[in-house]
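So that you can tell them apart, the chains are marked A, B, C, D, E and F in the order they are listed, and the count of residues begins at 1 in each.
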Amino acid sequence: MRYWFPYPLLSFALMLFWLLINQSLSPAQILLGAALGISHAWLMVNLRPAKTSMKKAWLIGRLIGRVAADVVRSNISVMGIILRSRNRPVTSGFVPIDITLQDENALALLACILTATPGTAWLEFDSQTRVLLLHVLDVENGSAWAELIKTRYEAPLKELFE
Amino acid sequence: MSHLTDLPLWAAIPVCLLLLSGSMITLIGSIGLIRLKNFYKRLHAPTLGASAGVILICLASMLCFAVLQSRWIFHEVLIIVFIILTTPVTLMLLGQSALYRDRIEGTDGVPLKAKPISPKADETDI
Amino acid sequence: MELVLSAGIGVLTASGVWLLFRPRTYQVIIGLSLLSYAVNLFIFGMGRLRVNAPPVLEPGGVGGLLTHTDPIPQALVLTAIVIGFAMTALFLVVLLASRGFTGTDHVDGRE
Amino acid sequence: MLLILTLAPFAGSLAAIVFPSDKSTAAAWFSGVVALLCLLLVAGLYPFVASGGVLRYELRWLPELGLNITLRMDGFAWMFAGVITAIGLLVVVYARYYMSASDPVPRFFSLFLAFMGAMLGIVLSGNIIQLAIFWELTSIVSFLLIGYWHHNAHARDGARMALTVTGTGGLCMFVGLMLIGHIVGSYDLDAVLSSGNVIREHPLYTTVLILILLGALTKSAQFPFHFWLPHAMSAPTPVSAYLHSATLVKAGVFLLIRLWPVMAGTDAWFWIVGCAGLTTLLLGAYFAIFQQDLKGLLAYSTISHLGLITVLLSLGSPLAAVAAIFHTLNHATFKASLFMAAGIIDHETGTRDMRRLSGLFRHMPITATLAMVASAAMAGVPLLNGFLSKEMFFAEAIETHKYNILDTITPYVATLASMFAVTYSLRFIHSVFFGPPPHDLPKIPHEPPHWMRAPIEFLVLACLVVGVIPTLTIGPFLHTAVQSVLGDATPVYSLAVWHGWNLPLAMSLVALIGGVILFLLMKTYLATSVEGPPFFRRLEGQRIFERVLVTLSWKWARWLERTASSRRLQPQMRILVFIAFAAGAIPLFLQGFKPAAIALRSVDPAFALLWFIGMICAVGAAYQAKFHRLAALVLLGGAGLVTCITFVWLSAPDLAVTQLLVEIVTTVLILLGLRWLPKRIEDSNDPELMDFSVRMRRLRDLALALACGVGMMLVSYTVMTRNVPDTISSYFLERAYSEGGGTNVVNVILVDFRGFDTFGEIAVLCIVALTVFSLLLRFRPAAESLEKPEQQRIQNAFDDDHPDRKKGDSIAEYLLVPSVIMRWMFPVIGMLTAFLFFRGHDLPGGGFAAGIAMSIAFILQYMAGGTRWVEERLRIHPLRWMSIGLLVAMATGLGSFFFGYPFLTSHAQYASLPILGKIPLATAILFDLGVFSLVLGATVLILIALAHQSVRSPRAQIKAARAAAKETV
Amino acid sequence: MTELFIIWSILASQIILGLAMGCALFRMVKGPRAQDRILGLDALYINGMLLLLTFGIRTANTIYFESALIIALLGFVSSIAFSKFLMRGEVIE
Amino acid sequence: MNWANNLIILPILLPMATAAALIPIDDRNRTLKGVLSFASTVVLFVATVILIGVVSSGEAAGTSVYMLGNWPAPFGIVLVLDRLSALMLALSAVLGLAAQVYAMARWHTAGSHFHSLFQLLLAGLNGAFLTGDLFNLFVFFEMMLAASYGLLLHGSGPMRVKAGLHYIAVNLAASSLFLIGVSLIYGATGTLNMADLAVRITTLGPESRMLMEAGAALLGIAFLVKAGMWPLGFWLPTAYSAATPPVAAIFAILTKVGVYVIMRLSLLLFGNEAGTSAGFGQDLLLYGGLFTIAFGAIGVLASQAMGRLASYSILVSSGTLLAAVGLGNGAVIGGALFYLVSSTLTTCAFFLLIELVERGRDAGADVLAVTMEAYGDIDEDEPEKEIGVAVPGTMAVLGLCFCACAVLMSGLPPLSGFLAKFAILHELFNESGFGGNMPITAAQWIYVALLILSGLAAMIAMNRIGIRTFWTSIEGTIPRVFLIEITPVLLLLAATVFLSLQAGPAMRYMDATARALANPSNYTDPVLSAPRAGPTEGG
């Protein structure tokens, strides 16, 4: 079973992708999507990506909600910063954060989250020291960034993947 | 093929609001590209468009076509997903490259990782 | 529409042609690329401009130039894009080889 | 018979070349037999010709153009054929002994026979174009014969000069003959000969005359083209004996006589031919006196005698023509024998310098006697053949033909030249055979083998016999020849030796006595003088010719080539663009092109804004391309994006999709290339910028570029605002679904209506990929690009410096998170590819877009993991994919053969399957699959081949280092 | 009324997005560093994609969606190539 | 659809199939590739001979039409086989055979995928000759050019790459013109089919007409660049003399493609029936052609190396042909076609010969050095140390071949070079038949003079270079030559001899071709009225 369906989640996602992109739920498209999803998963086997299993998949919903809220919030604040930047230049800075997350897929997800929320930019991750260098647009406003990220995102991700 | 004028007012208002707000946010983000003073600050600017801008405009599109074509398949979701997946890659790589170049040149205010070997510091713009 | 596009074609052509006259191989390849945009748009324009009249039929339908834009220039542009891409690749590699052999990026292989 | 006669020498020539070089005697025998056979053939044809008949043989060759192989023998041709074959036979005999065994003798005989054949071809031609053919053949073969001893620089120069002069003349003559054909309406000699009046009265007569005379006068070495002949003396003597007595130079005379009935008699003819002839007659004789080389003397004498014949022909009187024909024969006889004699002297003594030779009479009395008789004939001593024709010449010279100065001076010049002839003849005899015994010669002189002398004996005998009893010997033959040339105009003439005391005889006496006196006066001077005549020594025709030739054909040509062309790219581009601009603009300008009125109301502000951006990108890219390559590339990407959006805006989603994908690949590609282009540093005080001329050049370029831009803008605007013509696309729009089986008309056009374009287009991609691949196999980066890029060196050094890091950590860290996403994108892009592929036929997409998209998926993996990483994991066979793609596309097209349809006929159908419903099944999809496979293979191959250079470069570096080490050792 | 309203607001948002593209262009032209230009190009791509989406709404036609999808899915590839070139001096090692 | 009709597409498909099949074969099996490729070219040659037979047998008025995808003429793409295209097909097959055999001796080892590129070049050439559609012509032009880029660069090395850069840059610019021209014509007339265009031209309105003419002019410039017209052909001598010998040999026909298209289009579109467009561009062709002859002749004289000499002689022949077209004299076309065949065979033979002759000399050593250096870069099998076999007669044979080339190039008798010039002059002087006594115009006089002078220039230059090579060379260095290297040269020269001997039939063919070209309806009628294949006909 594992041989034939090496990445079932991926295959499912790909099938979903297929159905979405084709805007169709016809049996033909479902079949075709499934076939393509499965065969593309085989392609992926060759690349040998790190295997990840989601432990508590339901947590993902909570995470998405939290991220969505943050996106809205940070969008507004960044807009403010940009519009006010001429009168009141913002103090931005680099924030190093220790990351204990091990799974690389989880790290990738974290990167996506941090990028999607304006105001924080993932710059560099030292694989030895496991320090993430973050650039934060408004350091004054959030000196507790490191803490925030660790609790708000890293922890749930850890829970999700490890 | 349906026509845009078929859109009822109750749908038109949210579509327009979504569109206008999405594009406004994108514009503000892009203005940030102009107004923010250094590269690292500017790195944040496009994410406005890549997050809120994309999401709002895609929502507008979804709503519009859902009403027009009476369907519930939102392939615009794909755009949101892919933008959110791919923008970090670009920005991460770009930010790191900038960091590297600034360190090499010894630009002020850039945190050093550990002192790299002293470079032949004529590396300017390409 | 026509005015804007033709002005665009004009500017692309002028920039591309100007670069063709330059001495550096890289300038020439950028020039050729700009020129190929101009040419592609020009070909495209030869079918006249139409907004929202893509040459895609309803299943079982019959199209006409009243409801659809002219598909031929589009087909021609597609071919031209492909060939243009191939030629850019080729020219690039040749200019690299020339740079390697002659030690200069001058189009004549010497300063 | 005539065909055999013409072909035999050529066949013999081909056969002779295969003789091994050590079988020279056999080759000689063989050639002799061929020559004899020809002679016998000619002799056998006499009865027919003598009765006034004209023998004709015609073989169809190019009848449409009036060119057939026409062989025609009348009396005149017979006479010439006889001379050619007879003297040819004698020369073969002579050459058998003359040629040294160390020479490639078979080649000599082969060329000799070929030459004989060509000469026979000239005289037997019944078609003037065919005559020109053989004419040029004699030039070519004589070139090879003169240059036979090509290790000798003189021989080479002489040969080249002979060919250049006679070949040029021949080409002019060819045009002249073609014009005759134009006038007469036929190239047939008979037709030409019967159209004398038409030709002489035609407005083109003078042109024709000059062209033909250029041919004839160059060939017969007439002034001012005489100079090549003495230099042709570097040929082996048998060649000289043949070419300069009976054949090559006589071809010119032959032509003059042949066309005499047609062309002669006009003032133009008289002036041109007469001037050339008289000058040649006199100058040749004068020059001959002062030669120190035996063969040189004979050569100038030949020139002079040919001048004599030419003068005779110029006069336009039938009697003069008779004299000319007669003298042609006589000259051939004595000159051949004299050349052979000179050759014997050269052969036996090792020198031809008259200053070194003397008193040879005691060593070779027989040869000396023979030479003396022949010289006497040359000098025009009575009882020898030369005397007879010279008398006829004098008689004609004193006649009045045209009342002009040329006619008046003719007798004086004739006498003077004749006097000179006596002088040089005497000199030849005296300085060689008499005087003190020779000393210090390269060889001890003695009589040559008997058979070597035999040809001379025969010829001298002929001189004597003809000179004594002309009517009984040469009379009938001459008459036949004369009759065939002059026809009804044949005058009454007498070949008697004694005509009584008359003015010609007096002139002969004056010449004889004067010649002797002149010789006695000059004897001492000549014995030691340098080569060449006084007064004219500086004015050597050869030197002038060489100088002119070098100036014209080398110096000026090189200067012109440099001036009229450019090997640099920029001027070529400027010219091309300028001409293209002019070519496009002129038809419009001439027909009063008015660009459509500019209408601002239809401008969509968003679209205008878009193009405002596009234009800035274009100009910016142009501005930055020199010093900021990356910036230029970024801006180019901007322009590309604007183009894509425009396509979407203007109802071309297919184009937008394809252009976008191509855009991405191109950017990656150029970036891959940028690694090998070391950066260019802007020098703010670049002297170039200051230079005024540079600035002007830029201004000019800018003006041209702007002109092109404005032109494109006006034309495109005009076309776009015009009404649509009745275009063929309606057909496609109507049938795309019903007959093409797809709703996306563009794609149906691509894979069906105009699938052949696509087929060709993928082949182009395939070719380019192969080219790029094979060129990169041999890629050598520039020296400064050999090393790894600076960034990598610094980062690697950093890794090396820190004990907790290992090499490559920097890049691994850099890509740690991004590579995860990039990797997961691989199957996603794969799905997109499938999507683009399947829906292409109905909606935007298609095999091409799918192929490019898939290649992006691959390249993304390369970027994420590096070359080695990918190639350890994925098996990529782009070449195979390309091959399969092309074959699949072709096989799909060929499939229609089985149903009796032409290539690429597609079969479309919507099949209804259970569960799946209606799905499209067009064979075009299979074709698209081929396109996909090829595009994927080609794009991947191009990108990977370029990417591989980075992996390869360390090896190249090692090699370069090794080579450098080798050099220093 | 609805018609005018929706058409004008779409037009407005298109112009706004066009202006946003203009801002991105400013960075591409101005620099000052290569990374700024690349950032500008990336923003230009995203803004352009949004413009395509609005265009889809304006014409009520989903046929232009693929172009936007391709930018969303593959547009980042050239930006990655650029960044990697800056960082490592070559795109593929 | 009978098989003979399907044969029309064979010259395109066969080389492509061969090329495709050869691509995945490893380059270590070059000989296998060469043999397969050669076999394919032999079949191609046989097919073209059959095609010549088909068109000259008078069936179907000498014009056969092949509808690709079974779409009728103005809409789909059609291949049109007439006497002219059949002639060009056969010519390119002959050249292909010769170059290929020659290459198999050693040159195909100088780089990879030689045979595939070569076959694709043939396919491109044949497509360009056959197609009856302007845009399809562009595609095949690009195919041919792309393959020519690849082949020019075959063997790599600084000279070739430098020359290749210029060649490609100029031709890319020209291709842009091609596209602009084609699309402008489409925009003005709404068609791409040549026959349809010829018909539509007669009824165009003034504005459409001027736009169409501007498009045609741009198109013409693109072709003239390929044909090497002065001053658009400066790239040619450098490129051709840098190419490897077999490549240069096949390139001998590339310029002729430009000439072919010019001839085809100007006679088809701007014939007497074209209304006010009749004779469009003829003067440009005439004077451009004359300048090209002059420039080519000057270049021939100024050349120190044989390669450049040969390249310039290509310009001469281009100029001769262009001027012949520009004369607007239908009859001259017949002679010009004869000249085209003869001069193409000659230059091909000469290009092949050059390297053999120079092999014993220093120049040859240079070439070899470049090759060796190129090999140094990659780990591949070294080339054979022994190049060919030294046979004593070799020098004589080479000399003979050289003489033949010289005679052919300078238009001296008795070979076809002379007959070609004779044919041109004859038809020039006797435009309205023999003895018609039409006055000869100044341009015609200049043409005649240039024709003769260019021959003279070739004679002087070949003489100079030949003497230097064969007569003053240091004795004892007999070049080593493979039999399969000299054989193609000999065969090509034999072909010119054959052409001379069979001048009558050959000239009849050419004249028939010229007559057919002079009357565009010979082309347009069959193309526009060709029936589609129906299911009843097929199996």
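Things worth noting here:
In the analysis below, a contact is a pair of C-beta atoms (placed from the backbone, for glycine too) under 8 Å apart; a residue touches a chain by one contact, two chains touch by 3 or more.
On a predicted model such as this, the values are computed, not experimentally measured, just so you know.
Common neighbours of chain C and chain E under the contact rule above are D. One inter-chain figure worth recording: chain A and chain E are separated by 22 Å, centre to centre, where each centre is the mean of the chain's CA atoms.
Computed from the mean C-alpha positions, the centre of chain B lies at a distance of 9 Å from the centre of chain E.
Chain geometry summary: the mean Cα position of chain A and that of chain C are 39 Å apart. Chain A and chain D have Cα centroids separated by 73 Å.
The set of chain C residues that touch two or more partner chains comprises 20, 28, 42, 45-47, 51-52, 54, 56, 58, 72, 79, 83, 86-87, 90, 94-95, 97, 101, 107-108. Among the residues of chain A, those in touch with two or more other chains are 17, 21, 23, 108, 111-112, 122, 124, 126.
Among the residues of chain F, those touching two or more other chains are numbered 135, 139, 142, 146, 149, 153, 156-157, 161, 165-166, 169, 173, 180, 184, 186-187, 192. Contact between chains, using the touch rule, shows up for A-B, A-D, B-D, B-E, C-D, C-E, C-F, D-E, D-F. Only residues 60-67, 129, 132-134, 136-137, 139-140, 143-144, 147, 150-151, 156, 160, 163-164, 167-168, 171-172, 174-175, 178-179, 181-186, 204, 549, 552-554, 557-558, 560-562, 564-567, 569, 571-573, 575-577, 579-580, 583-588, 591-593, 712, 715, 718-719, 722, 724-729, 731-732, 752-757, 760-761, 763-764, 766-768, 770-771, 773-775, 777-780, 877, 879-880, 882-883, 886-887, 890, 893-894, 896-906, 956, 959 of chain D touch chain F when the two sit together in their complex. Against chain E, the residues of chain B that register as touching in their complex are 1-9, 12-13, 15-16, 19-20, 22-24, 26-27, 29-31, 33-34, 39, 42-43, 45-46, 49-50, 53-54, 57-58, 60-61, 64-65, 68-69, 75-76, 78-79, 82-83, 86-87, 89-91, 93-94, 96-98, 100-101, 125-126. On chain D, the positions that touch chain E within their shared complex are 605-606, 609-610, 612-613, 616-617, 620, 630-631, 633-635, 637-638, 641-642, 644-645, 647-649, 653, 656-657, 660-661, 663-664, 667-668, 671-672, 674-675, 788-792, 795, 811, 814, 818, 822, 825, 828-829, 832, 836, 843-845, 853, 856, 859-860, 862-863, 866-867, 947, 950-951.
Listing the residues of chain D that touch chain B in their complex gives 628-631, 674, 679, 790-791, 794-795, 797-798, 801-802, 814-815, 817-818, 821-822, 825, 828. Every residue of chain D that touches chain A in the complex is listed here, in rising order: 804-805, 809, 812-813, 816-818, 820-821, 823-824, 826-828, 830-832, 834-835, 838-839, 861, 873-874, 913, 915-917, 919.
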